[in-house]
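Here it is, the structure in full.
Letters A, B, C and D mark the chains as written, and numbering starts fresh at 1 in each.
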Amino acid sequence: MEDLRKDTSGQWIALSGLVISLIIIGLAVLANQAALAGYHSSNAALEFPKENIRELNQHTRDNAQTIKDMAFYMNSTTNETVPVAFEQLFDNYSTQMQKLYAVHGEVVDVSLVSINSTTGNYTMEDIDMVFVNITYDDGRTHYSAEPEIIEVME
Amino acid sequence: MKRLFADEEGVSILFEYILFSLICIGFFMIVSVNSDEIFMQTPNEVVMQNEMSDIGNMMSTMITDMYLILPANGQIDTKYDIPPKVGTETYIINADIAYTDQIIELVSSDSGKKVRVTIGGIATTMPINGTASSSSTNHMISYDSRR
Amino acid sequence: MAYILEMIDEKGQIAVDFLLGISLFLIALTFTVQFIPGMFISGSAGESSLDYTAYRTATVLVEDTGWWGNSTSSGTDWEEHPVSIMRIGLAVDDDPSSKLTNTPNLISRNKTLEMMNVDEKTFIEMMGLYNNVDDTPFSYGYNISFKQNGNVLMLNNTSIVRGQIIPNYQESTKITRIVLMEKGTIASFTGDNLTSELANTATINVTGPFEENITIRISDLNLTGSSPMFLNASLEGTTLTRASNYTMWKMDGWDKEPFNGSLSSGDIISFDFDKELFSTGTECRLDLEFINVSLPTPGPPFTKYNNESAPYYEPAYLVVEVWQ
Amino acid sequence: MNDKGQLHTLEGLGAAVLMTLTILTISQSTMIVTPQNELAIDVHLEQMSSDALTVMDRNPVDSAQYNLTECIACWDMNEADYPTDTAGNLDELDAGLRYLLPNALYNVDLAYIENDDLKVDKAIINGPAGKNAVVTRHFVTLTNSTVSEMGGGWNLGDNELKVVEVRLTTWKI
């Protein structure tokens, strides 16, 4: 009986140990799952390549203007016609962009579709728009603007 | 007889035993009755509420971000990952009510718990629709200007 | 027999004492265990949702142009059609028919001012600043403001701040965005293209009225002789008072520094003239008198401010705070 | 019965008070930094640094500050050296970023294609990137006219254009 009595209190200690460990396990599970909270929404904000796509698009828009100016400069110094010079420069730009994006595991393509001229002549005033295809793919997000219409001013 | 009344020692051990047992039984009854709620349901509820609002916010943030870079002519689509279960339940993301209520709704399959997330005035200008079930493997949001 | 002897040793009080102790302990333990999960609910679920509500609100305001539409037409110039607003965004747009924003982070002055007039219910609905629990929508508390150098920005004598006062007893989430705010108009001149009739005096014709104070910025002045300086400004022959009629700065990259009049080479100086000076709506002659500065272009005719002016953008911060 | 080491009323009371106090202290203190807050801080920082680049890029040409293209065009192509020469001759860029990102430190790398190979130069170094650093990128296109106007050392031909990726790594102090 003496042993039994000792055992009883021992069991109580064991039981309280069990209860407390249960609580701790519950809390650990909870804390663990609480750590996951906010993961998805931050991921959406951090991983979605909004800025990369926008920058690709914006930069191409800005560049169409620069390239137009350069194409006329080339036309005046070499024998290239404006459309040919434009295409050369645009290809050059496209290659550089492809390589710079490829470093980050993103496949981009920027290609010139056509140069729009109001009269059919390629003078500074007549070229008002260029049509460009822009695609972007990082394996999860695929973007394509076909065509992106870019206004180029004088 | 007097000695019997005066002597409390026998009572004490019995009394101790009964009280002790009562308290222990009482405690364990409370614990066993409530343990499911305390250790399973409440944390599950918390986790579900957290994760569902998290996933809802992910969808809403993604749609907002995507909206801001939509091409004038062309398409954009993006894959996303969501956990197959929140807590212990699967769930459905419902964007069909976005047009009228400006809201994305997540509904869990078993308990029917609903979490709603707002999408900031975008749905009035761009129709958003579709549902996604967490148990399917591939999820995608897509936009096409020609549709 | 040993057992019986031991029993005789027993004392009832010990057990009661012990029982009272253990009961107290157990009650406290039950309370604690039940209380802990509750702590997590209130904190994180609401917060993560608030973080992204603030994020989305700021993103839409800064990167979107907004949209209006009725049964016949639509466009991004919603500030002109406050009745049929469909979305509120503050980004400048050059093409009102396209939904795309080509100029994120450039904030339109008119849109910002119109934002201040949108009624509360529409605003909360448009920005998604509410939550919907069990089909009963309730609004979040919010505070949206534009700040510059720590102060709330003023446009058209209005402080650009919308929403409630931020409670300091409650946790709120805050998102800051860097933007370029349209603050009126600016004309930039170099020393060579400033016209002058009198020696050392640059003359600019300004035609009001203006909605905001006007800024004149001068760079590359040709300094001659020792200690060249700016003397004073006069409008139609009346000398203007510094500080009340105009303020002046020396620009150092992104910083504005105080300018006391003395010039050194390479300085870019900037004058802010009070819009009230030009409220008559007629062409006024504005003279800026310098000492030891040569202005090579003779006048009249004088340069016209209105021909040179462009929207003036200054860096500012958009601060969005949201709480339950 | 040997009652040593057993819980008594006072000890039970003590234990109860201790537990309650612990819970109260924890719940009262607002300093519960949960992990998602850290992620939200990352999002915020990324947004800010991307804004800083956009604002520099979009800054109107006639403003008092140089825009991003002009800042990059003036670079003399000498890499920065930490800690003796943190910004090279990119003072304008450095001042702009410091003004727009007052509570953060940043490094700037410039990546571009030279002879079909990628070249990455360290333009501004403010120290080793801290933990939770975020990277944002913007592109500028340089031509000979912008470079010679700004007096940079890019050495471009008249018919050449060079796309430069401005890589901004930002972290909180």
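Rule of thumb we're sticking to: a contact is a pair of C-beta atoms (placed from the backbone, for glycine too) under 8 Å apart; a residue touches a chain by one contact, two chains touch by 3 or more.
The shown structure was predicted, so the numbers you read here are calculated from the model rather than taken from an experiment.
Interface comparison, B-C versus A-C: the higher count of C-beta contacts falls to B-C. Mean C-alpha positions place chain B and chain C at a centre distance of 37 Å. Per-chain Cα centroids separate chain A from chain C by 27 Å.
Averaged Cα coordinates give chain A a centre that lies 31 Å from the centre of chain B. Between chain C and chain D, the centres computed from C-alpha atoms are 22 Å apart.
Annotation for chain C: residues 6, 10-11, 22-23, 29, 33, 36-37, 40, 44-45, 47-48, 51-52, 55, 59, 104 touch two or more other chains.
Chain D has residues 34, 36-37, 40, 43, 47 in contact with two or more other chains. Annotation for chain A: residues 19, 23, 26, 30, 34, 37-39, 41, 45, 54 touch two or more other chains.
Shown here, the protein chains touch in an arrangement that is not a line, ring, star or fully connected set. Per the touch definition, chain D reaches chain C in the complex via residues 1, 3, 6-13, 15-17, 19-20, 23, 26-27, 30, 32, 34, 36-37, 40, 43-44, 47-48, 51-52, 54-55, 58-60, 62-65, 92, 95-96, 99-100. By the touch criterion stated above, chain A contacts chain C in their complex at residues 1-2, 19, 23, 26-27, 30, 34, 37-38, 41, 45, 54, 58, 61. Here chain D touches chain A in the complex through residues 34-37, 39-40, 42-43, 46-47, 50, 111-113, 118, 136-139, 141, 143, 158-163, 165, going by the rule given at the top. The part of chain C that touches chain D in the complex is made up of residues 6, 9-11, 14, 17-18, 20-25, 27-29, 31-32, 35-36, 39, 43-44, 47-48, 51, 55, 58-59, 62, 103-106, 171, 173, 175-180, 186, 188, 217, 219, 251, 253-255, 268, 270, 310-311, 313, 315. The touching residues of chain A, when paired with chain D in their complex, are 34-35, 37-39, 42, 45-46, 51-52, 55, 59, 62-63, 66-67, 70, 73-74, 77-78, 85, 89, 92-93, 95-97, 99-100, 103-104.
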